[in-house]
Amino acid sequence: MYELGVVYRNIQRADASVAEKLAVFGSATVHEAMGRVGLMKTYMRPIYVGAQVSGTAVTVLMQPGDNWMLHVVAEQIKPGDIVVAAITTDNTDGFFGDLLASSFKARGARGLIIDGGCRDVKTLTEMGFPVWSRAISSKGTVKATLGSVNIPVVCAGALVHPGDVIVADDDGVVCVPGAVAEATLHAASKREANEGEKRAKLASGVLGLDMYSMREPLAKAGLRYID
Amino acid sequence: MYELGVVYRNIQRADASVAEKLAVFGSATVHEAMGRVGLMKTYMRPIYVGAQVSGTAVTVLMQPGDNWMLHVVAEQIKPGDIVVAAITTDNTDGFFGDLLASSFKARGARGLIIDGGCRDVKTLTEMGFPVWSRAISSKGTVKATLGSVNIPVVCAGALVHPGDVIVADDDGVVCVPGAVAEATLHAASKREANEGEKRAKLASGVLGLDMYSMREPLAKAGLRYID
Amino acid sequence: MYELGVVYRNIQRADASVAEKLAVFGSATVHEAMGRVGLMKTYMRPIYVGAQVSGTAVTVLMQPGDNWMLHVVAEQIKPGDIVVAAITTDNTDGFFGDLLASSFKARGARGLIIDGGCRDVKTLTEMGFPVWSRAISSKGTVKATLGSVNIPVVCAGALVHPGDVIVADDDGVVCVPGAVAEATLHAASKREANEGEKRAKLASGVLGLDMYSMREPLAKAGLRYID
Amino acid sequence: MYELGVVYRNIQRADASVAEKLAVFGSATVHEAMGRVGLMKTYMRPIYVGAQVSGTAVTVLMQPGDNWMLHVVAEQIKPGDIVVAAITTDNTDGFFGDLLASSFKARGARGLIIDGGCRDVKTLTEMGFPVWSRAISSKGTVKATLGSVNIPVVCAGALVHPGDVIVADDDGVVCVPGAVAEATLHAASKREANEGEKRAKLASGVLGLDMYSMREPLAKAGLRYID
Amino acid sequence: MYELGVVYRNIQRADASVAEKLAVFGSATVHEAMGRVGLMKTYMRPIYVGAQVSGTAVTVLMQPGDNWMLHVVAEQIKPGDIVVAAITTDNTDGFFGDLLASSFKARGARGLIIDGGCRDVKTLTEMGFPVWSRAISSKGTVKATLGSVNIPVVCAGALVHPGDVIVADDDGVVCVPGAVAEATLHAASKREANEGEKRAKLASGVLGLDMYSMREPLAKAGLRYID
Amino acid sequence: MYELGVVYRNIQRADASVAEKLAVFGSATVHEAMGRVGLMKTYMRPIYVGAQVSGTAVTVLMQPGDNWMLHVVAEQIKPGDIVVAAITTDNTDGFFGDLLASSFKARGARGLIIDGGCRDVKTLTEMGFPVWSRAISSKGTVKATLGSVNIPVVCAGALVHPGDVIVADDDGVVCVPGAVAEATLHAASKREANEGEKRAKLASGVLGLDMYSMREPLAKAGLRYID
C-alpha cells in the first residue's frame, strides 16, 4: 500500500555499474531481455529526441496539481539516479521545470520520468536534462499536500521500487527490478550480439521466414498461399 | 452567448507594445504571473519546435469541417495579431494550410492557434509561420456554413476575447485578458528576475527545501523521514 | 470479409510510375484531388519529420500483440511497395523494429504504415526507413497466431486494397484506389499548378474573399459586419 | 480572467420562471433554439438516466484534487440554482458525494454539473439528486487551495456566467446566457410546437425530402441517383 | 474509393430470412462464427440496454456536422433494414434524433448504427428505436454538403457494404458480408448448440482446463505450477 | 518483476471475514479509510448498475487478445475470491463471457475485475455475476501464449497482490492490501458512523463551512467575499 507522508532515506540501489551499462541496449532490447514485462505506457514520451539513459530509481508520489514532494525528493537524489514521479490520479499539470532541473542536475540525477506534465522544455533541452512525461504543460502547481518519497509506485502502468533500474530512450521507458538487473544485462548483451548478425543477414535479403525457420510452423498453423 | 454570422470589425486590442513584450517570458512564466489561469489544454501543440510568439487575438468561430470563416477573419488581421480559431465541436480536420498562411502572413499575423487540425506543416515550417493545433490532418474542409469573427470564444478550454494577448511557445498557449496584460507583464518581469537568481542557487547545489524554507511547513504537515 | 490464414501472392498493383509520381504532391493535395476521401485517422504519425513517399500497397492483417505475419508479408514485397499493416483490434505494441526494417528495405519497400506500435525509432531514422504508426512502443510481440496477407484491410479508418497507392508525409497518410490513381495524379497536378499562382496572390495581400469571390455568397448566407 | 480566492455574493440570476420552464424542452431543443451554441462536451454524462432539469447557475472554480470550494459555494446556493463546477485542469477525482449532495439539496439546488468526478452515485440516485460529470470516481480530494465562486467559468468547453440558465438531461448540458433566456424560451416553445406536427407527418411515412423540400437543393448541389 | 454525391437505389440485400435470424445469436457468437472479424470498435454503444437486432445494411456517408444525407437515405430504407452511417472524420455531433427516428421507423428500419452522435435518447428509448452511436450529443447539424448513400463505408473501423447483415446488441455491432451470411448463420447455430452443453458442464464445476483438454498444451508451452 | 508462465497455487489470502465485511462500506469510503490510495482508474466500469462486492484477489496476467490464462486461474479460485485480470498492454478484446462466468461462479468467485474487455453482458447480468472492465467487446480471443497466475499485477493503475482485498461498486474498484485490511475495516466503520451524523446535519441546512470549521482557514488562505 502507498504510505503518504513518508520519506525513506536509505534505499537499496541496484549495482551502479549494471545500472549504467543498461542504457546502451535501449528500452526495446532490455524489455525483451526481461521477458517483455515492466514497460511504461506508450503515452510517456521524451521531451526531446535522442536521449538514452539508465540509472537507479528514486521514487516520488504526488497529488494532482501539487509538486511539493519534488523538492523533498531532490535531497534524496544521488549521482546516477533517475527520478520516477507518480501521481495519485491522471493529471497533466506542469510539475517540473528548469528550476527543479537545475537542482536535480546539481544532485547528479540523469533524468526524470513523470506520469504528469513538464514545462520549460526549451530550456530543459538546452540543459540536456532529459524528461519523459505524459504531457507538456505550462500549468504550475501548488505546494500544499504531502505525498511520499522512495515508496514503491505505479508510474504509467509500471511498478517501480526505489533502487530499480530505469532504462529510457526514444522508444519508451522500462523498469528493471534491482534483483534481476544483472541477469537482464547479460541477457541484453547476448541478445544484442545476435541482433547484429541477424540484421546483416536480413539486409542481404535473407527472409525471416527462412532465418527463423518459420515456414513449417506457419504451414502447420494452416497458412495457405493463393496464386 | 455565441452569435453566429457576425463579424466585429472594431475590436479593442491590448497595447501593442505590451502584447509584443510578453513573448520573451514564455507561456509558463506568463501563466504563473497571471495566477495560474488562462491556459489552453495540453493537446494544443506547435507544428514545429522553437517558435515563441505573442500578439493580440483576433478570434474566429467555425463549424466542424468548414473553414469558410478563415477567409473572413483574414481581412480583420492587423500586424501583430494572432488568430485564435475555435470550432463548435471537437474536430481534427485540416482547416488551415499554406495558402491561408500566405494570406495571414501578408496581413501581418504572427501565428495561428486553432482548436482543430492543420496541414501543409512542412511548408508552414519552411515559411516560419507558427501554428498551435490539436491535430495535423490532410483532410480538407468545405465552405458552406457561417460562423463568426471577433466574438469571445472558448478555444481548447480557454476563454479568449478579441484583443486579448496570446502567448505561445513549446510549453503551450496562454491567453492574457487585455485588461491585465500590463500588470501581467510587470509580474512576469519580476518573476523572471527572481528565477535567474534561484536557478543559480539551485545549480550550485542549494536545495529548494532550504531556499524556499520548506522544511518547517513539511514537518508541520506531518512529513516523516525514515532511515 | 476478412479471411484469416491466407496469403495472396498475385495482386494487381497500380501503375508503378503513377504510384511513384504521387509522392511529390503530398497527402493533402492528393486527398483533395480524390474528393476528400481515403484519409487515415490523424493519430497516424511519422516516426521522424520530413519523409514523403508513395508506393503500391501490400497489406497485412495481424492479431494484437502478434507480429508473425510481418515476416510472411516481407516475402511478398516488391520494389516500390509500401506495407500497410492493420490489426484486428486497437493495439499499440511494438510490432516492427530495425530487424524487420532491414528485411523490408532489402526487399525494396519504401516504408511502413502500421495501425499499431513501432520501436527502434532511432535506428529506423538513421536507416531512413519511414514508418507511420499509431504509437511508439518498446513492447515486443509473439509469433503465435495467423493473420492474412494481401487481403483488403481497414487501417486507421481507411479501406486499403492490395495494390492501391499510398501517399504519406508529415500531414498524414492517404490511400488512392488503384482504379483512380492515374486520374488522381492528373487532378493533383492541375491542383498544384493552381496553388502556386494562388499562393503568390495571397502572399501579395490579395484576400481569399476576393480571389475566390466569396463576398457575395457570404452576404447571401447572412453574414453581417458590425463596426 | 479568472480571479482566484474570491466569492461573489450577489449575482444577477436569470428570471426564475424562465429558468424553470426551459427544462421541459430539453437540452437538444434549447440548443437549437439558441442557434446551436453553448453546449458542453459530450463526455459530460448524467450519473443516472432520466433526470431533466433547468435552473440558474452558481459557479465554482476548483484546483485538481481539491474540493474545498464546494463547501464555499454551498452557502451561495438559492432555491432553483444548479451548481456548475469547473476545474483548472482535466481531472477525474471524486469531488462530490452524498454528504455535499445533502447540503446542496438542503439549500435548494436542483443538481450539479461538474467537469470532474463524482462518487456515491448509488446514494445520489436514491436521493434523486442529479449530477452530470466527466467521470465517476471513488477518489477523495483535499481541502488546501483556494478557487473562486460565482466568477465566469469554462466548464466542459462551455462558457458559463453566474446566473445563466443551465438545461441538462440525458442528451447533455447546455448553458443559456441570462440575457437571452427569455428569447430562447420563446424560440424553444415555437420549435417544439412545430416538432409535434413534423413528427406525426414523418411517422405517417412522409419523407423529410418532401416535407422540407430538399429534393431541389440536393439536385442543385449535384446529387445523382444511380439505379 | 468513396464516391461523393451519389445514391445507389438498387442494392443486393442479403437474404431477408437469414438477416433476421442472426439477431438471436448476438454479436459475440456471430463474430466468432465469422472467424473473429468484422467487429466495430468498442466505443460504439447502444443508447439503451437490451436491444438486440439484425438486418440488412443501407449505408450513408456524411460530412462532420452535416446530416443532410440522413434524409436522403430515409427514402432508400426497406423494411428489415438497418441504417449504417459513417462520417468522413471523427465527429460526435447529434446527427440523429426523434424526428428522423419517426421517419426511419415508418420506412421499416430496425435501427441505426452511427459513427457520430445521437440525441433525443429518452424519446428514442420510449419509441423502442435502437441506436448504436459513438456519442450522445444535443448538438444539431447543418444541411449543406453532399455525402453518398449505399456506397461501401468504413463505420467505426468495420467495412460495410450495402446489403451486408448487421448484428447489434449490448456487446457491440458486427457486420456480416452478404456472401457469407448464410454460412455464418449455420456456424453460429452450431456454435450456440455447443455452448449450452458447455455452459452446463462448467456450471457443474468441470474446469475448462479439462473440458477443453488444455493441460497438456499448457505444460508443453512451459507453464509451471509452484506450491 | 512479472514472471511469465508460472502459477502460484498457495497464496496468503486476507482474512475472509474482513474481506467480506468491507463490501458494505463501498469503494469510496474504503478508499478514504486507506488514506486515498489503491484506486483503479476511472475507466473501469461495472457492466451493470448496483453490484457491490468485496473479496480476496486471485490475480492473472494475460497477453493482449489471449485469454488462455483465464482457464488456468479458474482452478485457483476459492469461494469468496474475486479474480483480478491484468493485460500486458492496453487491450479491449472480449476476454471473458458467460461460459467462463459459469465456471468462475461454480468455483465460488464473487466477480471479475479485468483491465480488458468483457462480452455476453446481458447473460452476465441475468446471472448476477458482476464484472468491472475497461470495455465491452464481442471480440473473442485466442489461446496461444502463457501469462501467469497469482503474481503481483498492475491492474488499471493499481498494484494488486494475490490475497489482497478488492472492494468494487458503482463508484469504482479499490484494492486493500492484506496487511492493512483489518485496520482499513476499522477505519471505514468509524468513518461511516461519522458520516451518518454529518449527513443529517447537512440535510438540515447546517453548512460544511460551519460543521467543519472552515471559515477561519479559508479566511487565512485569503478568501475574499465581494458583495
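Labels for the chains are A, B, C, D, E and F, by order of writing; each one numbers its residues from 1.
We take it that a contact is a pair of C-beta atoms (placed from the backbone, for glycine too) under 8 Å apart; a residue touches a chain by one contact, two chains touch by 3 or more.
Note that the coordinates shown come from a computational prediction; the quantities given were computed from them, not determined experimentally.
Chemist: State which chains count as neighbours of chain A and simultaneously of chain E.
Modeler: For chain A paired with chain E, the chains in contact with each are B, C, D, F, in label order.
Chemist: Pick same or different for copies chain A and chain B, depending on whether their interface residues overlap by over half.
Modeler: Copies use mostly different positions to touch.
Chemist: With chain centres taken as the means of their Cα atoms, state the distance from chain E to chain F in Å.
Modeler: Computed from C-alpha means, the inter-chain centre distance equals 31 Å.
Chemist: Counting in whole Å, what is the centre-to-centre distance of chain B and chain E, each centre being its mean C-alpha position?
Modeler: Roughly 42 Å, centre to centre.
Chemist: If a residue has to touch 2 or more other chains to count, which residues of chain A qualify?
Modeler: In chain A, the residues touching two or more other chains are 36, 88, 90, 92, 137, 139, 145.
Chemist: What are all the touching pairs of chains?
Modeler: A-B, A-C, A-D, A-F, B-C, B-D, B-E, C-E, C-F, D-E, D-F, E-F
Chemist: Sort out for me which residues of chain D touch chain A in the complex.
Modeler: 63-66, 88-93, 137, 139, 142, 144-145
Chemist: So in the complex, which bits of chain F are touching chain E?
Modeler: 5-10, 68, 70-72, 74-75, 92, 94, 97-100, 102-103, 105-107, 117, 119-122, 135-140, 143, 145-146
Chemist: Where on chain D is chain E touching in the complex?
Modeler: Those in contact with chain E are residues 26-28, 30-32, 36, 39, 42, 45, 49-50, 52, 169-172, 174, 195, 198-199, 202-209, 212, 214, 218, 221-227.
Chemist: Quick one: which bits of chain A touch chain F in the complex? Just the residue numbers, please.
Modeler: It comes out as residues 1-4, 34-38, 41, 88, 90, 152, 154, 157-159, 176-177, 179-180.
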